[in-house]
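Here is the structure we will look at.
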């Protein structure tokens, strides 16, 4: 069959996957349409509720890029600090790491015989 | 008597160049380092082509009956010399442009791109 | 770069013509004696460098023009690759003129000889093409870098020197 | 005779290495460039002794002449 | 810390270079030279040039030479583009 | 004179001739240079496809320069070839197809992206030269010739990286750094070439393969070659030039630079598989490549998460995706001496790694082009300053979603297919590696969610009122790449069976490569 990729232990076919997604998606949409019918548009119901405070202006509510994974980077501070420090931008380091890695590879090749 | 001495000259020149590239902090010095490695490798290639008691591989008015040195490394070295001058020219003009924009050619200060 | 003293200028005047002629000799005799397109081109370009150093680049620009050089360079390269293309009847870079009896096609007797200009097929053509390319190319490099040296250095310093 | 030629080889190579070391240790740029250029010049001599006249011409013209010229332009341009 | 690593790496790298220099075949006595002997023997009759090096540069390895000329051309185009504010 | 026999050289020679002529034409009319370059690259794309059909149906092609017949490789009485030759097997033509496609689309994209810049003729000339050098690295069968093309590639890419350097300092800085490291790498390659020459007096890769002994010197040459070429491919910890260069180059050039670094990756595979093959200690070298791959994957993606510059972020992802290729092929190399394991999962792992090369070129190219489109309209690469661009640039948004989904390995896009092959086969080799690869994939998705959120989502910002959709030629280039991604995602088996599997087999079976030149000796 077209689009059937053998992976050695099984197979993958994007077309079957899409058909499955369509079927399941259809079922989900069907279920959703059967749901709550007291919801009405353009009433109080679809306005955001921020504990009774007025909604902020849209410009200031946009989260900028450097804050998105703040918690993640803060939690992994011990990993990130030395890593960022390693990227010094010195040209000497650039060439130095090449020599370091060449030496390591040469030693591994030499030891392994 | 001479043994493998030319090869040691080669690796000393390469070592000088790599030392400059790893530890010295001036952009033009880095260009000199690359130039030194280049020279070392040229010497390496020519040394590989040498044959004791042989003459240059040119038939015009050569003494007869002698062996000739290996010609291929000479052709390779010609290529590598011209490539070397091209490399130096490009590196040096970039160093000049860096000076134009940054006002310095010290490695410690030429690092706006990092992280 | 400012121009140097009168002695140096006179010596350059005297010498640089000979250097250029010697360069072209090396280019043309590339298939007979040591030398060839690269070496000859480099010698010619070093004559330009000497001229640049002794006269200063403002004066040199009167007789060396980057536009003409870049035209010559493209011509040389196109000629080189064109000669390679001409061999396409058999393969790329095929030496179709060698031993054919026509241009540069005299048959040589293997072994040591005095050297005949009219041999070696496409090699002299390629030597000339590469020589053209190399001397104009290195000339452009030298001229541009001399200009760039004036352009990038600190301006007030340049005023002091004057 | 043979050992004499070898002696010349060794001498030239030792001077070459010495010039290379000088190019490393000079802090000022102009002396370093001149030392690097001396390396090229000596190498060109060595190439000639190794029976590579083609390469010797190229190295003398390009390595010692033009490279030094563009290095000097670059030093002028970064001052 | 980093500097110490670099110094050690440099020394080890240099010692590897020394190993390669020691293991290199003896100076002046090529072990194999079949390819070059072919060039020396046949270059004159095949290309008609007395200078074997030239016949290698332009005939046997002509494509390398095209590449080399291209390197020079590339550099010049690059420098012209880099210094385009002056040449205008 | 049958031009059909000369396709291998015409693929290179036509763009090369155009590159030489462009400075002359540019003096007369600057506008035509772009169209001329695009035409030349289109011609070479067509010829590459023709050659690919020939290679895949007939077998590896050999083209000898300056010999009476293009098939005659060995001069009488000698055991090895003396002339330079092109040896194009399935792996080479696989890389060639990537190169041709990517550079053609890059030229099309540049038509609008770099409209009205001064010295535009230099730009197109360099673009053509970069393409030629990549073709040369992939097709050549001669080690010294490879060095020459490596040098052209680094010169051309450096000049293109600092193309904006006449006005700005950062591009020149990036170019300088790249130049220094690539000079070291090229010179070290030349040193290794010298070692081979001194030992065996041959320069042809296939000829070296037939005599290589894995002696002390061969080990040193192997170590140097692997490390410096891995540097050119951007493997950690020698990756630091990658974000600098990729972020400062013009966007279409960044796309081509990705393909150029993959040409270096190809060279590693060529040297390890075709030149040494089982003479080397496959387990040790395989693990070196696997560990390089793991480090690249993990450090690349974790550094990408904290970036604020959109192109720098994508550059770190390029490093991390290179890790996948190294991982897949490294596993294949580690089990090369073990026929059962090779048949069981080694070949699949290599198929995954090699297929990932093509996929990566496509989706990373697409992503860099969308980043370029954002830069073209907004004038900034800083993610903190962007926002709400989906309102203005509908097509770009769609293309970005396709590219991001593909790089994160979401089905049904092409990234998933190759990553699935890698996961499943690597799991059989060592489960831990497979798990790390999956974690990296999740982190990739996370960081692209960040980009999507901060650049495209959000309310309309006042400073971007004037922003509109990019010009048609840029949309065309992105649309072609998106179509390819979707096609590869839907029918991965077509590509794997017809292109990737022959490529893998030509790497594994050394005789397929050397036999075409040396006649099965």
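Letters A, B, C, D, E and F name the chains as they come in the text, with residue numbers starting at 1 for each one.
We adopt the following convention: a contact is a pair of C-beta atoms (placed from the backbone, for glycine too) under 8 Å apart; a residue touches a chain by one contact, two chains touch by 3 or more.
All values derive from a computational prediction rather than experimental measurement.
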item	value
Shortest chain-hopping distance from chain A out to chain C	2
Intersection of the contact lists for chain A and chain F	B, E
Other chains in touch with both chain E and chain F	A, B, C
Chain whose mean Cα position lies farthest from chain D	A
C-D or B-E - the one linked by more C-beta pairs in contact	B-E
Chain located farthest away, centre of chain B as origin (C-alpha)	A
Chain centroid nearest the full-protein CA centroid	F
Length of the line joining the C-alpha centres of chain C and chain E, rounded to whole Å	21
Chain A-chain B separation of Cα centroids, rounded to whole Å	47
Geometric centre distance via CA averages, chain D-chain A, whole Å	56
Computed distance of Cα centres, chain E from chain D, in Å	17
Where chain A touches two or more other chains, by residue	84, 87, 89, 91, 93, 95-96, 99-100, 102, 106
Junction residues of chain E - those touching two or more other chains	6, 10, 13, 16, 20, 24, 30, 33, 35-36, 39, 44, 50-51, 53-54, 57, 59, 61-68, 70-75, 78-80, 82-83, 85
Set of chain D residues in contact with two or more other chains	53-54, 58, 62, 66, 70, 73-74, 77-78
Contacting residues of chain A [partner chain B, same complex]	84, 87-92, 95-96, 99
Complex contacts: residues of chain D adjacent to chain C	53-54, 56-58, 61-62, 65-66, 69-70, 73-74, 76-79
Contact set on chain C toward chain E in their complex	30-36, 66, 70, 73, 77, 80-81, 84, 92-93, 95, 98-99, 104-108, 110-111, 113, 115, 119-123, 126-127, 130, 133-134, 137-138, 140-141, 144-145, 147-148, 151
Parts of chain E lying in touch with chain B, wherever the complex brings them together	6, 10, 13-14, 17-18, 20-22, 24, 26-30, 33, 35-36, 39-40, 43-44, 50-53, 56-57, 61, 64-65, 67-68, 71-72, 74-75, 78-79, 82-83
Sites on chain B touched by chain F in the complex	14, 18, 21, 27, 30, 34, 37-38, 41, 44-45, 48, 70, 72-73, 76, 79-80, 83, 86-87, 90-91, 94-95, 97-98, 100-102, 110-113, 115
